[in-house]
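See structure below.
Should a chain be cited, it is by its letter among A, B and C, assigned in written order, with residues numbered from 1 in that chain.
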Amino acid sequence: MSQTDTMAAGSQRIISREELLQLKKEMNARALTRRRVRTGTLLVANIIMAVVILLPLLYAISIAFMPSGELFTTDLNLFPKNPTIQNFVDAFTNVPLLKFILNSFIMAGCITIGQIITCSLAAFAFSFLEFKGKGLLFMVVMATMMVPGEATIISNYLTVGNLGMLDTYPVLIIPYLTSAMGIFLFRQFYMTFPISLYESAKLDGCGNLRFIVKILIPLTKSAIGAMAVYTFINAWNMYMWPLLVTGSNDMRTVQIGISMLNSVDSQSITMMIAGVVMIIIPSISIFIVGQKQLIRGMFSGAVKG
Amino acid sequence: MNAVKKSKWNASPYFYLVPCMLVFAVFLFYPFFKTIFLSLFLTDKMGQAKVFVGMQNYMDLLTSESFRNSLKVTLIFVVIVVVGGMLLGLIAAVLCNKAFPGIRFFSTSYALPMAIASSSAAMIFEIMLHPTVGIVNKMLGLDINWLNNPDTALYCVAILTAWLNSGINFLYFSAGLGNIDETIYERASVDGAGSIQKFFSLTLPGLSPIMFYTLVVNIIQAFQSFGQIKILTEGGPDEATNVIVYSIYRDAFFNYRFGSAAAQSVILFIIVMLITLVMFRIEKKGVSY
Amino acid sequence: MSEIVLRNVCKEYEKGNFAVKDFSLDIHDQEFIIFVGPSGCGKSTTLRMIAGLEDISDGELWIDDQLCNYFDPKDRGLSMVFQNYALYPNMTVYGNLAFALKVRKASKSEIDEKVHKVARILEIEHLLDRKPAALSGGQKQRVAIGSAIIRRPKAFLMDEPLSNLDAKLRAQMRIELAKLHKELETTIIYVTHDQTEAMTLGTRIVVMKDGVVQQVETPIELYNHPVNLFVAGFIGSPSMNFFQAHVTEENGRMVVFIGNPKDGKKIYLEGRRSELARLRAMDQDVTLGIRPEDIHEYADAAELGIEKATVGMNVTVTAREMLGAEVFLYFDEQKKTHAVRLHPKNQTMTGEKIDLYFDPKKIHLFDQNTEESIFYREETV
């Protein structure tokens, strides 16, 4: 022990205490600079990326507050010099924006609730019950994911046209009351529960519906949350179907209604953008509020499996 | 009594499938087959099948200059959208992978485009690309009428779509990065790998399963882009942005040629299905762990 | 020849919150150093600081006379085996083994030769084309070790490499690791919470608790001369028995009373031990520690000649474990259960009484305030 002690000490005696301190200080400073440079680079890269991604939105917000006269200059006018809310007021008075927003809320809300109900029922059957043709039926459901919506949209339009359902709420909602992806997502979640969960509930005299409502739904809150956020945003943003089946201001959704502001009359550009900003706000708010939920639900079980 | 109970037991599973199957049947299976049926007919203005023409609609399409242009335009469009959208998502996900101050803000920003409707985005881009007041021309000091120029219109619409899709791609890639075991990076540092080597030999292969899934979803989605084209270019100028979906819309709802539109829908379906099948075939060989 | 020296190394997560504090150690060439301690004691953190995966908050790390505090992991010339093996999932076993050489731009033929050599040593040649997902735990372990030894590092760092294996494989790998250490002639720094691994593998053991080094010793020294109550209790299985005791003088002889002196359970101290007890614990309450194998029944005590130095403790056996080569008897005393290891010929059954004799040369006394051993070091000097 004593011999090795002097050996170790000997190796260090090559440099004096002061030199050592000096060396440590230098290395410390260098390491600190290096780390700062690394974090700084990452931060700068992120800021650049964020500006690129957010540019359209920031630009839209800026224009929405710009008096329409200010837009028509040749210089680079990134920010409104005299911010105004007149554009928003105009947007509301020029088109029944509130009615559109209400329509969209009704449509997106009903689609969201409907999908959650139909998808959890179907996923329950596919994961807990045994019946003939289960595998085949599930394959059929999954295969529907491959059919692009446009491949069916003409026939659907003709169908609802013949039924005289055009320009009503049901025609906006009913075709979207279920989704293969939702069934898949819920099933992925249900499969993580042991079948004994269902069997013991059954033994306790719990019926299937009760089992779904009292046990499955509380256990899959995160999946339901994710599904709700995702479905609502997609329904809110739907364009082609509402474009085809709505004709009157009473039924138009925001995405269709807002394009009514889209006129060649350049004077109304700022008003149109103000309208766009208004209708982006609900979907973005829901996204920001539900983002955590969405990520946890969509990616914890679904994609991995 | 027993028999009744038993039959009830057997029927009950199907009861839970009724709501979803009903919707699928009426709005997916039936129209799907009806579309195939319609594609074999000439139709009247109400979409009623009138004259059976067999494969004539398909033959007409495949020999039509306009449809071949549509195919070409769609292909270019899809490639730009998929590559651009995935690249944006991937870069954002890699930038946002390590913890640093402000990461919450940045990751929300990167995912944000997924919450924006194609129509809203299209209207914003319309102003950005406006020849006189648009920010793009002002910043670049150019005077280009982006959306009215056949050389640039398609790229503009494609880049907009790539931007829209980058949000969800970012989420997919972030989830994929999160699934990569952190310690293999530690081992790689001790083994002597630099950050570029780590990216190419660990990160990219580690992302490959999710990359594949994202690729398939992106391709399918890109084929279906409609709103932005309807608002920004309406297929023009000079059919430069007349992707198949828009061509279907125009044929059916402007020209009332439902038969031809249906045939195009079927072709679109076949293309998407073939690509998906080929991708899955490749995946079975390529991504194997 | 490589030497790793740690001088007052600290890891401070927040101000005043130390994960590791003043860790000082000289690790010589070809040593097999074990960091052992309960979870959260800072042993892994220390290892990761040596590897360069964690920053060193304070203190110095010297590798071969170079101050390495701020070197990148790759420039420290070390290799590491991780607890979860950290195999690259997208590469074959071959690719995993070759990776460290490949990134260092070794030639193809050199890589190929070394990979096959290592695979032969570890008997994984037939697995070279497999992906890690297709390997068993033991095979993954071998690949992880193989990827570490394929280079000639200055030292191997191993972070609980055997903890994910089942008991049988663990015992087997333990023996192979010891063999490997001899063959490789390289320093190994090994973290474990398993004291069997520590005792069997280490040339020296560092026992840690709450980020502070308790004792650095060879396994046998550590076992026989624990520096404090913690080390005494942590090393050994079943662990050391502890009793409340009192040191006093009786008719000129130093004596330790177990429990209440009135009970008369006492042990006489001799020689140097007696002097140390007088010096450091006179008339004090102490904790007495004794290992299960240092408690004897009468016949053995008589053979050892200790029956006169200690008064037999008459206890009731509460449990009996017959292990073939040895038998463990358990008894309750001072509201705690204690163990005795006896020859299997002993036939005392559960519920029966037995007289037990403590070997006075093997007892440990610990100060009740500092928890430090009263006999430590001085005794052997």
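By definition in this document, a residue touches a chain if its C-beta (ideal position, glycine included) is under 8 Å from a C-beta of that chain, and two chains touch if they have at least 3 such contacts.
Note that the coordinates shown come from a computational prediction; the quantities given were computed from them, not determined experimentally.
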{"item": "Chain pair with the most C-beta contacts", "value": "A-B"}
{"item": "Chain closest to the middle [Cα centroid of all protein chains]", "value": "A"}
{"item": "Intercentroid distance (Cα basis), subunit B paired with subunit A, Å", "value": "16"}
{"item": "Geometric centre distance via CA averages, subunit C-subunit A, whole Å", "value": "53"}
{"item": "Centroid spacing, where centroids are CA-atom means, of subunit B and subunit C in whole angstrom", "value": "59"}
{"item": "Touch list for subunit C against partner subunit A, complex", "value": "3, 5, 26, 28, 55, 60, 62, 65, 67, 69-70"}
{"item": "Residue ranges of subunit A touching subunit C (in the complex, touch as defined)", "value": "4-5, 7-8, 11-12, 14, 20, 23-24, 27-28, 30-31"}
{"item": "Touch list for subunit A against partner subunit B, complex", "value": "39, 42-43, 45-46, 49-50, 53-54, 56-57, 59-60, 63, 71-72, 74-76, 78, 117-119, 121-122, 124-125, 129-131, 134, 137, 141, 144, 146-159, 161, 174-175, 177-178, 183, 208, 233, 236-240, 243-244, 255-256, 258-259, 262, 266, 269, 272-273, 276, 279-280, 283-284, 286-288, 291, 294-295, 298-299, 303-304"}
{"item": "Subunit B to subunit C touching residues, read off their complex", "value": "181, 183-184, 186-194, 197, 201-202, 205-206, 208, 288-289"}
{"item": "Subunit B to subunit A touching residues, read off their complex", "value": "10, 12-14, 16-17, 19-21, 23-24, 26-28, 30-32, 34-35, 38, 46-47, 88, 91-92, 95-96, 98, 100-102, 105-106, 108-121, 123-128, 130, 132-133, 135, 138-139, 163, 166, 171-172, 174-176, 178-179, 210, 213, 220, 223-224, 226-227, 230-231, 244-245, 248-249, 252-253, 258, 261-262, 265-266, 268-269, 272-273, 276"}
